[in-house]
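You will see chain A twice below: alongside chain B first, and alongside chain C after that.
Take a look at the complex of A and B:
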């Protein structure tokens, strides 16, 4: 008896709610009409490609056939990827690339921000100089570094030989063992200014009065950093690290231009590998399957990014 | 607890003198308010005592030590800030414990002191909360607690009540006063609100433009302002200041207004006027020392009511007199309407006379 009435109650409550939503939408039909074009454009340029990529990932596209004659293969592309040795090598490279670039860029950027937070003569100029790598186009930077690393004409090799630290210039980007670290150095050089700018902005919001209070409470410079500055920067640090991680996961220009993924896949990361599969070898299906996997990983990172951002807002609202 | 002595303290920023040869002695256990308008140098003076800024010249003694070159942490002081300055990521307990942790006290002792401070300030039930979960008054109490656990020689308070709403401010005012009475603490309290200074402090140091204007008990400052600035700053509504011309004759003195009326001074007041460097003097009178008459009375001066502000207990009448606005308080059952003709009678015993040139109070001897 009670259960029945409970169900009836629930239905009664539910029904007005749905019609409420519809009625509200109808009342606001003009508003919906205004945003409709934008939604339509977004569906075409964002949603459709995502859908098409997912669709393609279930098909085989032999180079001899037209794309519309693609052959359905189910999850074959996914199993082929997950069982191939190259996949694991590229994944390993991507993880190393992302983790090392993100972590070191963040630490360097944070250190630079702290160093430049104090007022001293020439601070503005130094700050401007440090931002240059971030401003230079990645393509240009890649070519510059290719020359810097060059085994015959590169300046690093020449200096090392001149100093007597090497008998002949090392093969930075032509050797399987050194290519990835060498590219990571370039990537860090290019993106640590981003971390520096983010952390500088964060540092400027640390309340002066809290630092003074800590000073009076007897905290030394390191303790003030640890108990006041660092906790205050937790959210901006999270956001910076996530943005760097997403950018690094998605890196393409530096490895593609400097090495094209070689030698023997030693510097291939996911995006360069997908690009090569799709546009180099016309294996659209496999490349799409790769993309879907990458999409899932990045969406997960994106979820944490949004959560970190809303965490920020919650805190600002109450402060 | 300890006494504090400031000796010829100067702080300059470039060519700007924020604090100008300020000398003060604050006795052991005394509550001293540094009061003045924004930019008068009161907060800079407090920061000098705290060691958050360094003095350009002059000496600061806390106890018998010169502390000029000591870091804030070595000065044996605790400070309460305007925005409370609680560590937002730490619980109330950890906020209170922080200064003790920095001094590397044993855990047991920290716990004992924190709980004792929480008990004194009646916030034991708040210890696990984060600052953002507290009301403004509770946050300020935690800030007081953080100063209290240290058991410092001197408490420095920088406008601790100005972020609170009016009602809470009155309540916290008495709490801080009680805090001082119970602890017999030496407190230096900065405020721009003269009412806080008058109600709480044993002595108040009125500052303006980086200079110390007067340093005395609130009663003395109120009754005998040293100059026109102090006279107009302390007391609410402000003391009315009326510029007049003095003329001396056969042993007496008369103040004449450009409006035509004149006021015969008592012998004691005549003596004061005789010491002025100029004939232009300023008559100062507080609202409660002026009598309002609805008809002409001998010795009363004719004026016109300008505005009438009933406040319940008293009604404040503003009148225009010799180009100045004069505040008079009257009983609420006396009905005055704006633009009504009234007569004002000054209490010669309680009026103040200032030299308009030096702006200093004129004294009889």
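Take a look at the complex of A and C:
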């Protein structure tokens, strides 16, 4: 008896809550119209593919992608990945690629933003030139650098020979040991301007009075940077680093165009490997399983991304 | 008295020296970055005005002996097949990028406004769901989207590209614009509404003009993203007459593997529109980031 009445009590307490949400949603029904187009596009292009990728990862689908003939294989695709030697090599490449590109791009971009913070003649032009690599197409960048690294007629090899540092032009992207660093140099060339733009924008929000006060108190340039400027930029830095890390983790064009993952997988990273599995070897199931693993990793990163952003939100709300 | 002036005179040169050290370090660093950034682009330009024979020499001609614009003439000549292809790819890229830009502004502006102004249930969830799109690479969505596009008959159309490109630009666009709307006082709109404007009129007449830099930044970002996109175009399009520039250039290269001057000229011309656009409007972009995204 008491239990039943307790349940009823609970239901009574619950019901107003749900109808409250519904009522609120109904009251705000016009507001949803504003977000609806954005959400609709996102649903079609994101939610549906995520669902489908998960489904495909449990099936073997014939090369021609005839969906009716797919066979359920359980977790076979996943075990096939984790037991293959290529997987660990590609993962290792991806880690190096992502960490090195992100760290160096951020440091160079941040330093460039700091060096360009003080006004001088030609600052605008210099800043504009430094941004150009970020704007031009990665395909164009890949071909420019492919030509620079060319094993017979590349300019870097020629300079090294002219200077007497090498007897013949080195193979930059055709050799297993140098290919990944060479591609990272290209990637940094394209990515550091993004960090520079973000940090430039961030620097403009550092209050001038604080820096002047620190100067009056006798802080030197390094102390002013470390104790005033840098703490103020913590949020921008976090967001920039996360965005860079995600972009690098997801990069495809530079390795794909410059080397296609070779020689002998030395420049394959996850994304190029997945692409090759899917559209090259048409192993749709394994490629989808790879995508799902990637998805899980990215969701973890995404959690930190959202936390960094909602840190901003909270401050915004209290201000 | 004398001790005070002594300490000042002793202290000052030391401090100036240290600041100068930082300043000279900064200058040296900037010179290094300038070389790193500009030399590859200069080499692209120098190669593009060489003949195919002159480009393939060792040691290279550091400065072209006989500069020629032949590669550019070839690419821009509607009479020969290379020129026809290049101009068509250029036109395709222009159409796809423009359509994407217009649509993303139309979709992002109201969404960002709603996320900034309204407090409907699920607002935060939807906002972060939109932002999370940034996290995922194109490749994850490629297979299912290919199936989807095949099912709705969009494979080999520019529509498939516009639809997918929309979603790249949207997260950052919405985030930037939301920051802008957060900074525009609600009182301005309220005043307009007291004067008899509807919510929509207040939005168009008051909020839109004030957020113009944000909208311009959003538009640039979408345009550049669409112009440079490669992987979807590479997968969804197979007919030669529909290719966009990045894929078209790759095809050009696979057919003429030794024509580096032509390739460099094509890379240069492909970069010109976005670089010019960005340089003209970059102050809006930095301002949008400062006022929109970073200021908190």
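To be clear about the criterion, the second predicted complex is superposed on the first by the 278 of 319 C-alpha atoms of A that agree within 3 Å, B and C clash if a C-alpha of one lies under 4 Å from a C-alpha of the other, contacts with A are read in each partner's own complex, and residues count from 1 in each chain.
Quick note on the criterion: a contact is a pair of C-beta atoms (placed from the backbone, for glycine too) under 8 Å apart; a residue touches a chain by one contact, two chains touch by 3 or more.
These numbers were taken from a predicted model, which means no experiment stands behind them.
J.: Once chain A from each complex is brought into register, does chain C clash with chain B or fit beside it?
T.: Result for chain B and chain C: fit.
J.: With both complexes superposed on chain A, which partner does A:229 reach: first (chain B), second (chain C), both or neither?
T.: A:229 contacts neither chain B nor chain C.
J.: Counting only touches as set out at the top, which of chain B and chain C does A:207 meet: first, second, both, neither?
T.: First partner only, chain B.
J.: Applying the document's definition of touch, where does A:216 land relative to chain B and chain C: first, second, both, or neither?
T.: A:216 sits against chain B, while chain C stays out of touch.
J.: Measure off the angle at the C-alpha centre of chain A toward the C-alpha centres of chain B and chain C in the combined model, and quote it in steps of 10°.
T.: Taking the centre of chain A as apex, the angle works out to 70 degrees.
J.: Could you let me know whether more residues of chain A are touched by chain B or by chain C?
T.: C
J.: Figure out whether A:94 sits in contact with chain B (first) or chain C (second), or with both, or with neither.
T.: It touches nothing on chain B or chain C.
J.: A:137 contacts which: chain B (first), chain C (second), both, neither?
T.: The second partner, chain C, only.
J.: Let me test your reading of the model: by the given contact rule, A:34 touches which partner, first (chain B), second (chain C), both or neither?
T.: Only chain C is touched by A:34; chain B is not.
J.: Minimum CA distance, chain B versus chain C, superposed model, integer angstrom?
T.: 5
J.: Which parts of chain A are in contact with chain B and also with chain C?
T.: In chain A, positions 315, 319 sit in both the chain B and chain C interfaces.
J.: What residues of chain C sit close enough to touch chain A in their complex?
T.: Where chain C meets chain A, its residues are 15, 18-19, 22-23, 26-27, 29-30, 33-34, 36-38, 40-41, 43-44, 47, 55-60, 106-108, 110-111, 113-115, 118-122, 124, 126, 128-148, 163-164, 166-167, 170, 174, 182, 224, 227-228, 230-231, 235, 245-246, 249-250, 253, 260, 263-264, 267-268, 270-271, 274-275, 278-279, 282, 285-286, 289-290, 293-296.
J.: Inside the complex, what are the residues of chain A that reach chain C?
T.: 21, 24-25, 28, 31-35, 37-39, 41-42, 44-46, 48-53, 56, 65, 67, 108, 111-112, 114-116, 118, 126, 128-133, 135-140, 143-145, 147-148, 150, 152-153, 155, 158, 161-162, 169, 189, 192, 197-198, 200-202, 204-205, 220-222, 235-236, 239, 243, 246, 249-250, 252-253, 257, 271, 274-275, 278-279, 284, 287-288, 291, 294-295, 298-299, 301-302, 305-306, 309-310, 312-313, 315-316, 319
J.: Quick one: which bits of chain B touch chain A in the complex? Just the residue numbers, please.
T.: 50, 52, 71-73, 77-79, 81-83, 85, 87-90, 98-99, 102-103, 132, 146, 150
J.: Show me the residue ranges of chain A that touch chain B in the complex, using the header's touch definition.
T.: 207, 209-210, 212-219, 223, 227-228, 231-232, 234, 315, 318-319
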